[in-house]
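Down below are the structures I want you to see.
Look at the two complexes coming up: subunit A is in both, with subunit B in one and subunit C in the other.
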Partner chain A sequence: MTGLRSFVTRRMLLGVVQTVAVVLLVFALTEALPGDAAVALAGDQPDPARIAALREAMHLDRPAYERLAEWAAGLLHGDFGASVTSGRPVSQYLADGFGPTLLLAALTVALLVPAGFGLGVLAARHEGRLVDRLISSLTLAVYAVPEFALGVLLVTVFALRLDWLPPTAVGYGTDLLGHPAALLLPVLVLLSRPVCSLARLVRAGMVDALAAPYAVHARRYGVGGARVRYAHALPNALAPAVQQLARTIDWLLCGVIVVEALFVIPGLGTVLLNAVAERDVPVVQGLAVVFGVLTVVLNLGADLVAHRLAPRAGVAA
Partner chain B sequence: MTDRNDTTAPTGAGTDAELACVAEIRDLRVEIDGRVIVDGVQLRALPGKVTALVGASGSGKTTTGLALLGAYPSGARVTGDVRVAADGPVGYVPQHPASVLNPARRVSALLNDIARTQVRDLPRNQRRAAARERMLRALSDAQLPDAEALLSRYPHQLSGGQQQRVVLAQALLLGARVIVADEPTTGQDALTRSRIVDQLAALAARGIAVVLLSHDLDVVHALADEVLVMRAGRVVESGPVQRLWRAPRHEWTRQLLDARSSPTGHEPLPDTGQAVLHVRHLTARHRDGAIGATVVLRTPELALHPGESLAVVGRSGTGKTTLARCLAGLHRDHDGQVHLDGTPLPRSVRHRSRAELAAVQYVFQDARAAFDEHRPVLDQVARTAVRLRGTDHLSAAQEALTTLISLGLRPETTHRLPSELSGGELQRAALARALLARPRVLICDEITSGLDTVTRRGILDALTDLLRDRSDMSLMLITHDLETARLAHRIAVLDAGELVEQGPAHRILTEPRHPFTVSLMETTARLEAETAPPGAW
Partner chain C sequence: MTRTLVSPVCRVVRPRRAGRYALGLAVISAPLVLAVLGPVFAGGPGARAASFTLGDGHWFGTDFVGRDVWRQILLGGRPVVLTALAATALAYLVALPLGLIAALTHRRWLEETLMRPLDVVLAVPSLLLILLVASVLTPGAAGLALLVALVNVPDAARIVRAAAAEAAARPAVEALRMQGETWWRTAVGYVGRSILRTLAADAGIRLTGVLYLVATAAFLGVGVAPDAADWAVMVDRNRTGLFVQPWAVVVPALLIVALTMGSNLLFDAALHKPGRRRGEREPRP
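Coming up: the complex of A and B.
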C-alpha cells in the first residue's frame, strides 16, 4: 500500500507542476496575442490617448512579470484576483459559470454511464450478430458527426420545425434546472459522441474478456452466464473505459465551448470565450488553474480505479 | 462421416463392467478443415488412478484431454463418445494456471461463486459462513497454507506454484471426480516438479481420477498407473506404466523413452588463458515500481573461455535469465564489468557496436515470440548477416539456408512463415539466426524447456555438434534441467541471485559441495529413480 501512497503523492506533485506550467503557458500566450484588455475595451474608436489612460487605470502598464507575480501571490491565499475589465473578483466569474457547466456535466454523465456500458455489454454479448452489428455501425456513424453539426441539426428539427423544445437557454440565466426542456437538446448533443466511444471501448474489452480462458473456466465450472459477464468479464473490460470516462468528465467540466455557445448557456466555456475576447488575463488564468486541477484530479482518480481493476499492470507514473 | 456432435451422450448408459470408470472416451475423432487432429482414441479414467497421455507436442494429447471437459477447438468436427460418470464436473489444471485466474478479481472470486451454489439449501444467514468454510477447506486440501490471507490476494501476487494449487482448489471445491492436468511440470525446475508429483499423487489418493497430459516422462513414470502413447492423433500403444517402460512394443514408444537418455558429459577443457567473456562484481537490480530497486543477482566472478560451454543452473526466479540478459546488454540496471576479449562491453545493447552485438548472441525460450509472424523464416534468419556483418542479401540468404539445413530443417520448410513451423523447428531457426552473426558467445536461455523429449534431444544434439564444429564459439546454457546441464563443460549454480558454486560439470554432478546443489541433485535423482529405460545409461 505504501507503493500506492507514494504514487499518489508523486502524481499530486506532478499535477501541481503541470498546473503551474499551464498557467505560465496561458499567461505567455495571452501576452503574445496582439492587443490587450485596454484595446479590447476601447472598442471601435482606438484613440491612443484613451487606450493609454485605460491601460494605466487597469495597471496594464506595469511589466508582465510583476502582474504575474502579484496574481500568483494572491492565488496562494486563495485569491484569484479581479477581472481587469469589470473589476469583479475572478472567483465570482468561476462560481457563476460553474453552476450550469456542472449541471450539464452531471446530467450527461448520469446518462452516459448506463448507456455506454449497457450498449457495450449488449453488443459484446451478441458479438458478430445483428444486435452487435447494429450497435457497432450506429455508434460509429454518430461518432463521426461533430457536436456543432448535430446540435444545429437537432435545433433545426426539434426547436425550429417541430417547435417541441426551446432552441436555446436564452433568458433562463443560470437557473437552468427550473427549465428542464432547455437542457434536453444540449445534454443530447453532449452525450452523442462520448456514448459511442465508451460503448465501443466496453464492447472491445468485453469481447476479449468473454473469450479469455478465465471466463471459459468460470463457465465450465458452472457459473451462470450473467454472473460471468458482469462479475468476471466486465471488471477486465472496465480499465480502458474508466480512463475514457475520466477524459470525458474532464472535457465536460472544462466547459464544452461549442455546445454552450450554440445553446447560449452561461457556463465556464462561455466565461472563457468572453474572457479571451476581452483579453481579461486574470479570468483566463483563473480558468486555467481550475481546468488544470480538474484534469489532474480526474486522471489521478481514473488511474486509481484502473489500478484496482487491473492490479497486475501496476502503477506507472 | 456425419457432421453432428454426439459427445453429449446420455449418462447411465454404462454397463456393469464399466461401473468403476468415471470418465470414458470411445472412438474420438476430431477434425479441423479436413485435417485429423485426433483419431480413434479410447481412454478410460478410473477413480484413484492416474492415466497419462504421452507424446510429442502436437500429438493430440491436449485435444483429447480437453474433450473430457467438453471443449473442442473452434471449427472442429467431432465424432465419438465422451462420457463422464453422473455428468459430474471435470476439473482442469492448464499448463499455465495463471491463464484461468481472473487478473482483475481476487482469488476468492471464482471459489466463492462455486461455493455459493453448494450452500443454497441453507438458511440465508448461514450461507456466507458455510461458503467461506468450504473455500478454506478446499484451499487446505490443495495444500495451500495460510488460506485466509490467500483468498484476498490477486492472482499476480501468487507464485506459479500457488496459482497452480488455487486452480486445483477450484476443482476440489467443485467436487470434480476427474481432473485433467495439462503439462503440469513443463518448464519447472526439479524441486517444483517433485512437489507437483506429490500433489497429483495426493489427488489420486483422494479417489479422484487424474488424467495427466505430459511429455515429462520422469513424472509420468513416477505417477501414472496407465499410459497411453500418442502419435499424430492416434494412440499407438497403451498399457500399465511398468510394462510400457520395461518392454515397449511400439517403435515410437521406444524412441520416446530412448530420447531421455542423458547426453555424455564433456571433459573440462584445458585452461586456455584469456576468457572470451569475463564478468566481475556484477550486481543486477530490478526496478520495482515505487518500492525502489531490489538486488536480484550477485555474481563476483564468472568467466567463459573460447570453445567452452557453461551451464547456469538454478530454480526458476533465481536470476539465471537476468545474468544472461546483463551479458547480452538487455538488462542495463547493473554494476560491475562485463569484458569481451579484455575490453569492457557497453551496458546497453543500444550502445554496442555491430561487432559487439554480433559477438554476443541470445536465443530466447519462446522461439515463437522471437519471430515476426509475417515474414518467412529464411528471410529473418538471413537478416542477421546483413545487419550485423554487412553481408549482401544473396550470400546471406545462401548462408542462412545452409545453416538451417545443417541444423536439421528441410529446405522447403525454411520458406514458410513462423506459424507454419513446429516449436522445435522454430527453435532451430532461432539458433540459426544467432549463428549467422558468427557469435563469439551464444547464450541459450531455456531453449529446450517446453519441448517434448524427442525434440529436446534433437536440439541438444544440434548444440553438441555446434560446439564441436565451431571450436572458437563459447556456449552459455541457461537451464533448470540438470539433464541439459550435463552437456556443458562447466556448471555454475545460482540460488536466490547468488552464485553458490561453479566448477567442472562432472565434479558438480557427482560431488556437489553447496547444500543447494546437493538438494537439486537429490530431487532430480528421486524423480529419475527407477525410470531408466532398458539399455539407457
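Coming up: the complex of A and C.
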C-alpha cells in the first residue's frame, strides 16, 4: 500500500501548505490593503490624534512582518488576540458564538446526508420518469437561489400568513434546542442548496453506475434489483458525492452567515457580521482563520475518504 | 413498455430539454425585463410618504424611508445583473490568459507558480473572503464586482487550463508547431477556439453562482449604499416592516428567486451537450 501512503502524505502536506497560506492570506487581506484599520475604525470624522492612538493600540506603527510573526505565534497556541472595540479576547467571541452555529451545522449535515442521498437514489431509480423529472427540475431550480430570498419568503408564508412558526429566533438566546420550532425554518433554508447539489451528484453517479457493465452483468446473473442498487452501484456513486459533501461546507458557511443574520441567531456568523460592521479586525481575522482552517481540514478528510472509496479515480493532490 | 437495461436517457432528453428551456425563459423573463427596462420607466422620485404604508397611489406601498416600492423595484434589478455580468467577465479576463499560459507552457515551474497559489484562494470560503475585505475597505459596486471576480478566478482558471491542456495535446497543435506557426496563432487561434464550447458552458454555470454571491453580499450590506435601489438591499432593509408592509420584501425577494432560478434552468437547458452528464461539476457559490 505504498501508493496509498504516498498519496496520504502528499495530500496532508498540501493541507499544511494550505493552512499556512490561509493564515497568510487572511493577514495580507486585512493588513496590506490600502484601507487602514485604524482610519476605518476612527469613523466618519477621523481625528488625527485618535487615529494615532488607535494605530498604537493596534501596533500598526510596527512593521508588518513583526505583527504577522507575533499573530501567527499566538495562533499556534490558541491566542487569537483581543478585540479592538471591546478589548475582550477573540477566543471568547469564538466560544460565545460556537454553540448555536455548531447546532445549526450539525442538524443540517445530519439531515443533509439522508435527504441528499435519498432524493438522488430515488431519482436515479425512476430515471427518465415523472419522479425523476420532478426531482431533477426542482433541485436544479432551487440550488441557485440565495438563502436570504428563500428564507424571507418562507418566513412570510409560514410565520406571517399561516402563523405556524416563529419568524426569528429573537428571545431564545443560545438555548435554541429548547425551541425546535424556531430551528425549523433556519435549518430548512440552510439545507436548500446543499441538498440539491448532493442529490444531483448522487443521481448522476447512480445513473452511470446502474448503466455500467458490472451492474448489467450482476442483473444478468439474477442478482436482485435492490442488491445491485445498494450493494454495487451506490458505493461507486459515493466517491464524487463525498467530495461534494466537503465542498458543501463552503456553501454551509456562507449559508450559516446569511441564515443567522436573517433569523437573528447569535452564532459565529452574527459575531462575524458585527465585527465586520464595527471594523473589529482582530475578531474578523480570528474567525476567518477558524473558518478557513476548518474548510481545509474538511476538504482534506473528504479527499482521503474519496480516495479510499475509489482509488482509481485519481483524486488530485 | 418493457424496461430495457440500456438507460432510456437518449429518448427522453429532447422533450425534457425543450420543456426546461421554456420553463427557464418563463421564469427569468419578468426579472430580466424589469432589470433591463425598469430604469427607463422609473421616472423621477416622488414625494416621500410615511414609511411602510399601503395604498395612497403606491402600488406596492412605501419602503422603510417612505419611498415608492414600485419605483425602487424598477430601479433595483439593474445593479444586481450588471455587477454579476461584470464580475463574470472580469473573472474570465484573468482566468483565460492564466489558464492558457499554464496549459501551453512547457516549463513546469511556470505552470506551478501560476496555478498553485490559486489553490489557496479556493480553500477560503467565498463569502468569508468578501467579508474579510469589507472589514477594512468599503467596496463600492465596482469593488464588489472585483471581489466576486477574484473569488471565481481560481476555479475558472482550472477549467480553462484543463480544457486547453486537452486541446493542446491534439495532433493538430503538433502540426501547427512543426509548420512554424507563432505561439499566438497556436494558443489563441487553435486552442482558444477549440475550448470555446467548454468555456460557454462554464460561464453559464459561473454566472448563476456569481448572481448568488452578488445578491448575498448586497443583502449583507457589502458593496452597496444602505439605501440603494437594489433588490437584495430592499429585502434586507424592509425586513423590519415585514409585518406591516410585506410587499416591500416579498416582491424583490420573488424577483431574485426568479432571476437565479431562471438563469440556472436556462443555462442548463441551453448548454447541455448530448452525452455529457449534468451536475457533473458543481460551481462554487
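We take it that the second predicted complex is superposed on the first by the 258 of 317 C-alpha atoms of A that agree within 3 Å, B and C clash if a C-alpha of one lies under 4 Å from a C-alpha of the other, contacts with A are read in each partner's own complex, and residues count from 1 in each chain.
By definition in this document, a contact is a pair of C-beta atoms (placed from the backbone, for glycine too) under 8 Å apart; a residue touches a chain by one contact, two chains touch by 3 or more.
Every value quoted in this text rests on a predicted model; they were computed, and no experiment measured them.
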Original post:
In the superposed arrangement, which partner chain does A:30 touch: subunit B (first), subunit C (second), both, or neither?
Top reply: second
Original post:
So, does A:208 touch the first partner subunit B, the second partner subunit C, both, or neither?
Top reply: second
Original post:
Is A:113 touching the first partner subunit B, the second partner subunit C, both, or neither of them?
Top reply: neither
**OP:** Would you check which partner chain A:216 touches, where first means subunit B only, second means subunit C only, and both and neither mean what they say?
**Re:** both
**OP:** Once the structures are superposed on A, label A:236 by its partner contacts, choosing first (subunit B), second (subunit C), both or neither.
**Re:** first
**OP:** Would you check which partner chain A:72 touches, where first means subunit B only, second means subunit C only, and both and neither mean what they say?
**Re:** neither
**OP:** Quick one: name whichever of subunit B and subunit C touches more residues of subunit A.
**Re:** C
**OP:** Touching subunit B in one complex and subunit C in the other: list those residues of subunit A.
**Re:** 216
Original post:
Which residues of subunit C touch subunit A in their complex?
Top reply: 5-9, 11-12, 16, 20, 23, 27, 117, 119-121, 123-129, 131-138, 208-209, 211-212, 215-216, 219-221, 232, 235-236, 239, 242-243, 246, 249-250, 253-254, 256-257, 260-261, 263-265, 268, 277-280, 282, 284-285
Original post:
If you look only at subunit A, which of its residues touch subunit C in the complex?
Top reply: 14, 18, 21-22, 25-26, 29-30, 33-37, 40, 127-128, 133, 137, 140-150, 152-153, 155-156, 160, 167, 193, 197, 200-201, 203-204, 207-208, 210-211, 216, 219, 244, 247, 249-251, 253-254, 257-258, 261, 272-273, 275-277, 279-281, 284, 288, 291-292, 295-296, 299
Original post:
Which positions of subunit B touch subunit A when the two form their complex?
Top reply: 69-71, 89, 92, 94, 99-105, 109-110, 113-114, 117, 154-157, 170, 174, 289-291
Original post:
For subunit A, which residues count as touching subunit B in their complex?
Top reply: 2-4, 6-7, 10, 212-218, 220-223, 227, 231-232, 235-236, 238-239, 309-312, 314-317
